[in-house]
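Down below are the structures I want you to see.
Both complexes below contain subunit A, partnered by subunit B and then by subunit C.
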Partner chain A sequence: MQIKLDRVSFTYSKRKRNTPSGPDVLKQLDLTVESGEMLAIAGKSGSGKSTFLQLLKGFLAPSDGAVLLDDVNPRGVRRPELFDKVGFIFQYPEHQLFSTTVFDDIAFGLQSAGLSDEEKEARVRQAMAAVQLDYEAFKDCSPFELSGGEKRRVAIAGVVVLEPEVLILDEPTAGLDLQSRRALFDLLHTMNQERGITVMWVSHQLEEILEHATRLIALKEGAFLADGHPHILLSDRGLLNTFGWEEPPALVVSRLLGELGAVDEGRYTAALTPHGASEAIIKLLGKPRVTV
Partner chain B sequence: MAGASFLLYQKRDSLLERWDPRMKIVAVLLFGAALLLTHSLGLKTVQLLLLIVLWGMAKLSWRVLVFTLLSLSLFFASTMIYQSVLTAVPGESMITWGWLSFSSQGVIRGIMMCEQIAGIVLLLALLVRTTSPIILAEGLEMLLKPLKKWRLPVHEAVMMFSIALRFLPILIEEFDKIRKAQLARGGGFHRKGVSTRFRGVLPMLMPLFVMSIIRAKDLAVAMESRCYQGDEGRTPIRVYRLRVSDYAVFSFSIVNLAAIFVW
Partner chain C sequence: MIDIRDTTFYYNMPQDDEEDAGRKPALSHISLTIAAGEFVAFLGRNGSGKSSLSRLLNGIELPTEGTVSVEGHVTSDKAALSAVRRIVQIVFQNPENQQVGITVGEDIAFGLSNIGWPQHDIANRVAWAINLVGLDADEDRPVSNLSGGEKQKLALAAVLALAPRCLILDEATSMLDPVARRQFVATLHEVRKQYPFTLIYITHHLEEVTDADRWLLFRAGKVVASGTPNVLAQDTRLLEDCGLELPYYWKLAGLLRESGISVPSDMNELELRELLCKSS
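Our next item is the complex of A and B:
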């Protein structure tokens, strides 16, 4: 599914205008997100990231402009159900669990779909497989007894079960340990590659963006300040200074290796991964190539 | 969220914010008593107008005032119908309008009752919107101090009241977030029939309930870690002294109450 923003602006009511970006939370945004992208959104607190995501899901209506899903404006044609194709996962989604069993919690969204019990079970089974939760082992468990990472997977399965075409996540790794963070991104990559789901997420972790995103949008005071490949944007000193970010260590290493001539000119991004960096270092040391 | 703003204190640096909280609470009680006890339509109207003037003096939003009164419209309508149509006493002059006939006295009773409801709501709104929850709790605690002689846990009760008041906006925001999260994974249940929508209530209330308990537990731990031990050995951070304006507020409230016996 293609998402298009056509000169979208958003202004909160007078009462909520004391945001850092002033009364206009989002200003005249133009954007096209193609199907299958892995898009990260970054920006300081109060830059309008959450508002931007809520506009894409249809929770908020633009004050001006339109959000188009496959060239259709759901609000314009009075078809809000089109926004159901956009899955939205809030920060700490495990806080929204409520049922006595994992199965019931995941199947919540299917209640109004008019599916048979067999169809429901198949969909839940599929969603649990997508988030790498064993159906038989977890279906009757109470979601409140699971670990933090498992709870989050259950909450994500609750959205995945609706088979969205776009998945939006607000700081999905907040509060997770390293292992759970890796598992979560493995999951998002699998959904992106195998099902072609567009994944958009808000993150403050530059390393995470560098590793997983194919596109980065930097928001500042309600406007897109930069839009491009994370490797390029995060190497831009000016941009890093604007946001008060520090260059990710992987980029520093690859840049230094580039300066030392260990990687070909213009291809320094090849040294961003541990494998690429080690190959470049070996080349620099003049040692024969070894398998890492 | 509009409803929430009705209960929230925001600093506006108005005259009413500078009044002593004890005197404000006493004045609210006296004014409320006067509103309830008076049987004069004129006096009730004057009292209501006075509250509206105070609303302006408090620099509060006129939009919120209109919203507050409009949100009571169902109460007003049912009160008017009950008083003017259903409680007509034999012998009262009746007004006939088409097939409808209602008592003229009942209409006046209805208006008075509506003014009473509006007055009480505005009075409480003025109190909570011009006094910060902490100051309100401190004022309440000072007023209830004599009850400590009977070993009543006044401080703890007031602390609970103040925490509840302070947590209201957080809970409302939390509810809004949970509502949106459940809508996002609800498969459009909110656009279906009444029974489907009704089934969607539990998924919204349950997480809110769980979150409130977790939040309360965290708060209790945080308070204990800061050595909070209830009222024992506590000294006030703010010392309140009554000023001329506070005595004026009190005197006016007494005059207002006395007026009901004269008028």
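Our next item is the complex of A and C:
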């Protein structure tokens, strides 16, 4: 599903008589996200990221402009159910688990779908398979007995069960350990590649963005300051300074090795893992010295 | 300052019935001491026991077996509990759970009047704490108006106002953007120069604790390793097992050292540049 923002502005406080209107949290945003993108959104707290995400899900209505899903404005045609195609996963979604079993928690969103018990079970099985939770082993567990990473996967299954075409996640790896972070991104890549689901997520971890995103949008004071490939944006001195970011070491080391002729200066391939970098360095140091 | 002796902890006491037979404790036979002024990182996977132990340290939870004592006060001694809670303060990952005031000033003052700070000095102390953490907000500013980073600084100001001798940060920076996180950590170290309180820092990101005095690695309710960052960084398998990944330059340095190239284990960009430029 394609998502388009057409001159979208948003302000929280409506204009009242004799008072100035509140400042725009989002300012005339234009954006097109094609089906199947892996898109990261970065920016300081308070830059408008959460507001932006909530507009995409239809939780908030633009003050001006329109959000179009496959060229249709769900609000314009009074079909808010079109926003159901957008799955939204809040920060720390596991805080919203409440049912006594994993099955009931995941199936909760299907209550109004008018499905038979068999259909419901099939959908829950599918969603649990998508988040790599064994159906038989977990369906009767209490969500509260699970580890942090497992709880988060249950919360995500509760959104996946609604078969969204776009998945929006607000800082999905915050508070997770290494293994859970890896498992979560394996899952997002699988859904992205096998089902063509668009994945959009907010992240404060530049290394995570570099590793997993094919597109990065940098938001500042309600406007998109940059939109492009993470490898290019995250080595852009001007942009890094604007955001106060430090260039990810993978890019620094790759550039340094590129300058010394130790690796090809490919634009998209130049984010070396420590292993790749150490091999290049060992090769470089092993080379006979060139005397001029 | 903190002495933990053979401490085991269950969130709910196990009963002698079958259902509970296989239940595991959150912490199992932990013994360790933390010195006054030490900066210790609690590290490990989700559910490994880091947060449980920190909850025992300020008496939010009490050990099922063993003892936890703070400056000689045993936490399970009811009479000592208020002293323990004065000495040990915790900042959690979500500052909003801790904020009670409508305005910045009220929020800090609340904790102070709670512990019986002299009424006539509270206003001074509030101003001092705001200034200390470099929170760019006057005390009348509504809490709801602060950004995430500012809320976290406010939470820090509110606990520092209470003059804790031990501060526990339980993933307190996980919701901050990289800039706010760097500022928060810098603020913390600045404050510690003046008031060298004991710092216990819980995180999943080693780059935040490269300058700690000691790392403690938790696994399945036990402390499986304790040592300086430089020493523990050599054991990448153990770190990985505990859900941790070394920072990029540390990893690279480890790989180079394995191949006989001498670089410091906490190599930085500059040192790498020198090494490479010397050779070419």
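A few points about this structure:
Just so we're on the same page, the second predicted complex is superposed on the first by the 258 of 292 C-alpha atoms of A that agree within 3 Å, B and C clash if a C-alpha of one lies under 4 Å from a C-alpha of the other, contacts with A are read in each partner's own complex, and residues count from 1 in each chain.
Definition applied: a residue touches a chain if its C-beta (ideal position, glycine included) is under 8 Å from a C-beta of that chain, and two chains touch if they have at least 3 such contacts.
For clarity, every value in this text was computed on a predicted model and none was experimentally measured.
Once the two complexes are overlaid on the shared chain, A:Ser45 sits against subunit C while remaining clear of subunit B. Once the two complexes are laid over each other on the shared chain, residue contacts for A:Val159 go to subunit B alone; subunit C is not touched. When the shared chain is aligned, subunit C comes close enough to touch A:Ala277, but subunit B does not. Within the superposed three-chain model, A:Pro80 lies in touch with subunit B and out of touch with subunit C [touch as defined at top]. In the superposition on chain A, A:Val72 contacts neither subunit B nor subunit C. Using the contact criterion defined above for the overlaid structures, shared-chain residue A:Ala61 touches neither subunit B nor subunit C, since it reaches no partner. Counting the residues of subunit A touched by each of subunit B and subunit C gives the higher count for C. Looking at the shared chain after the overlay, A:Ala137 reaches neither subunit B nor subunit C. Residue overlap on subunit A between the subunit B contacts of one complex and the subunit C contacts of the other is empty. On subunit B, the positions that touch subunit A within their shared complex are 5, 177-178, 180-189, 191-192, 196, 199, 202-203, 206-207, 210-211.
Looking at the complex, you find that subunit C touches subunit A at residues 44-47, 93-94, 147-149, 171, 174-182, 204, 240, 243-245, 247-249, 251-252, 255-256, 259, 261, 269, 272-273, 275-277, 279-280. Within the complex formed with subunit C, the subunit A residues making contact are 42-46, 91-92, 147-149, 171, 174-181, 204-207, 243-246, 248-250, 252-253, 256-257, 260, 262, 274-275, 277-278, 281-282, 284-285, 287, 289-290. On the subunit A side of its complex with subunit B, the touching residues are 15, 54, 57, 59, 80-81, 84, 87-90, 93, 95-99, 108-113, 144, 155, 158-159, 161-162.
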